[in-house]
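To keep things clear, I will list the structure first and then write my remarks on it.
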């Protein structure tokens, strides 16, 4: 290994003084792909691949941060990711980068084994999940987000048409803060039960009949969808905050219908 | 302007001899954005923004091509793009880059003003269009592609369900070669008339009733959709070749249903 | 036109009462593509294509909004988009949708004709621009964002290496609020002068020599880049607020280096 | 489970006769996400997430294929994916869908643990890999593709500039057919050794010095890059065919430089 001992001799630009007097809110690495194992409710853990951001603040007197240390902190941690041990990464970032504030953001596909509603045939459905953990000195924050594909059937189209009703795939992006950890599975179930129908990867004919009729019997606008999710999250004892977005890939348009509801501090639930 | 006359003194690496004896099939620039004006059937021209690739072949004895010349050829041409004048760019590439083969690929959003089917309300719908022009010595080739969003309603879901039928937005990607220029508008109409319903940007309630019922009355699988397009293209005197793909953003799944049919040389139409 | 008079007879689900008591923060259409003309500093207007979102709030007692009205408001406006007339769309949304709050978001490629630094050769460079206009009752808000591609050359790599220095394309996303309208061109210039070098679409050999040496002589970390922009925006009399992000497509990594600085209310400039 | 026994009673539209006399080249499912385990050279297997397409041909006399069967075939196979057992999926598709032709396409991120060149620090680098397996009756075909990020430094910029040279991240997309299975790792090494420098996820200062100087000492155009890879693949006894593309995210432009070389049948190597 040549150059092994260059480390101490090479200039360290990043540690130089900076004179512009501008503190940087967030600095670090983005778009780092990393294999992880996530705790799941049914199988203890599942393997997946995350896209990771690691960020800290930078006081105004430092010229730069040390980018390689972010990667070292992540590598040192091991692959098992659980809500509790996310903060060991965040605190290690604070310490290693000499920072007051540190953020860890992980996005990954997450799989649930679902049974088709009529035949019980099993198939995996993928959901995009995001974990955002942050520490501000000794305070910590955690936001969990799931992007849940659902079927939505238009109440207006059903009401005014002699037959049929337009429906489509919609995506609900639900973010929560909670007093106790909530399973990804639970958040997904809350969303799926708020839509016209959940979606599945494997449906045999009796299942297709079932979901077609279920969607027809439970029409929702994007407005209904985010409100249904909000009602359920308001009723959940452990949910402190939420933001829920729904976006329908309208089957009759080339654009999307969209709604967002957020629980504001002091709200009695998004209202 | 300092350095103005450096041009003749600076080394020209690209013109050096190469000894690896490997001819390069395509070399040039990709992902160049450029405002263009496209001839349309209703308004003479429309302004849009293209993403452009300009490519040539490179004989084995040259080390490199001259990337800046591709951009110069494009800039010299002006912004009005029509099927006929595309070849002036392609031939200029051949000449300026000393190439046997030259390719020009342009992708751009293209807009049609459509009337809603019941109220006649007007709205613009966007279609992604691609022009691929190529010259092989004196031979030329032109492929036009349109990506057409449509509504598809599942025949199986309709047949087996007591009420409703799942439907969704699908995208048909239709590419053609023709003996005479065909309007983009005509290719789009061929595709839209092959689906359960065209899509629109502006639909009032009577229109929504109309398209809902129309889609319910014209169910198509992705297989039907590509075949319906193929039948119409087979019947078109000027169409020499086609490739038609359909991809449904299934409303009951998180994956797509897909079909492709291509007219092979010697085919009596995709068969 | 059959069904022409169905409008009054067809059920209006959206206007029904809602009993969930949940106000919706934002509802409307997203991803609508629309050709526009934008005022520019050099040519009066340029034609481009926007992706548009139109959103309003919805009081808790209404079941749904009327999606087609958003499109009608946009269509009624005509294509010429200028900072001042954006608010006529926003106010029309408030009125037509009976809303307290309305948002208009437009993203579009915007082109500048730039002269190469040594030869003066002309070429177009594309920048992604976003206009966000909002009205809260009678108050209005406008945020302009430009995504500016630049060259960044690493100060550390230059300082520690015997020859060369790694460099790459970076993207600076700069958002501002201002007391007076600021030209897109001016914001772009502020960012470009903060980087190692601007980028160009057309560079002849003397130009390539020029930008290579210029970048080598002006190394910047992502931290330097956002601070340089912040210093310039702090010094600009009309800028009230900014958020500046830089993201480097690192040439030595498969991930990005990232920094963000925001002027917080009460800040003496991001500090 | 109501409807459990509907299966036999529900109409089977897909099996109906079709009279348009148009054979479909490919039909099936696309964009299905699925967790897999891939054999790797160092650790026996690694867990990752694939995006999967499963496609067959459809004779002209069938109206439709049975989409759920594609998913069942994939689910029945288990998660361990190796070049040899890919064909068990493909043959199962042929049998289950009564098809002459079947295709399986899997794209997934793949990770290599790489040591930094000076300090030996370890870090994971991600590569996008694609497996395409197909069967035409009893004949089979397999194409392996790796998208390899690399550093490229411009020979022209180096030759004409007094100091520095522009460089950037480039992506090489290398596809091969081979007489014997070739490790993904081997294909990646062939590409990385053809560039100005490999990229890494973790580089300490001595490493950054090393890769900066290495890239400066090994300048390559996109043309050189694809030719260097082609020369190595021509020299490899087991490689029967290749197509190599290089795309540079030019640090001085907002567009890409691109080159492609393909070994044509009968070629003595891309020539």
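Note that the chains take the letters A, B, C and D in the order they are written out, and that residue 1 is the start of every chain.
Convention: contacts are C-beta pairs under 8 Å (C-beta built on N, C-alpha and C of every residue); 3 or more make two chains touch, one makes a residue touch a chain.
Chain labels with UniProt names: A, B, C, D = GTP cyclohydrolase FolE2.
Values in this document were obtained by computation on a predicted structure and should not be read as measured data.
Asker: Mind listing the chains that sit against chain A (GTP cyclohydrolase FolE2) and also against chain B (GTP cyclohydrolase FolE2)?
Answerer: C, D
Asker: What chain lies farthest away from chain A (GTP cyclohydrolase FolE2) once each centre is taken as the mean of the Cα atoms?
Answerer: Relative to chain A (GTP cyclohydrolase FolE2), the chain with the farthest C-alpha centre is B.
Asker: List the centre-to-centre spacing of chain A (GTP cyclohydrolase FolE2) and chain C (GTP cyclohydrolase FolE2) in whole Å, with centres computed as mean CA coordinates.
Answerer: About 25 Å, centre to centre.
Asker: If you average the CA atoms of chain B (GTP cyclohydrolase FolE2) and of chain C (GTP cyclohydrolase FolE2), how far apart do the two points sit, in angstrom?
Answerer: That pair's centroid distance is 28 Å.
Asker: Which positions in chain B (GTP cyclohydrolase FolE2) are in touch with at least two other chains?
Answerer: Within chain B (GTP cyclohydrolase FolE2), the residues that touch at least two other chains are 6, 10, 12, 32-33, 126, 156, 160, 201, 203, 205, 209, 254-255.
Asker: Assign the assembly's chain-to-chain touch graph to one of these shapes: line, ring, star, complete, other.
Answerer: Topology of the interface graph: complete, with all chain pairs in contact.
Asker: Provide the residue numbers of chain B (GTP cyclohydrolase FolE2) that touch chain C (GTP cyclohydrolase FolE2) in the complex, in ascending order.
Answerer: Those in contact with chain C (GTP cyclohydrolase FolE2) are residues 1-4, 6-7, 10, 12, 32-35, 46-49, 68, 71-72, 75, 109, 111, 118-124, 126, 201-207, 209-210.
Asker: If you look only at chain C (GTP cyclohydrolase FolE2), which of its residues touch chain D (GTP cyclohydrolase FolE2) in the complex?
Answerer: Residue positions touching the partner: 125-126, 149, 151-154, 156-158, 160-169, 197, 199-201, 203, 205, 208-209, 211-213, 215-217, 249-255.
Asker: What residues on chain B (GTP cyclohydrolase FolE2) touch chain D (GTP cyclohydrolase FolE2), complex-wise?
Answerer: Listed in rising order, the residues of chain B (GTP cyclohydrolase FolE2) that touch chain D (GTP cyclohydrolase FolE2) are 6, 10-14, 18, 20-33, 53, 55, 58, 60, 63-65, 67, 155-156, 159-160, 221-224, 226-228, 230-231, 247, 254-262, 269-271.
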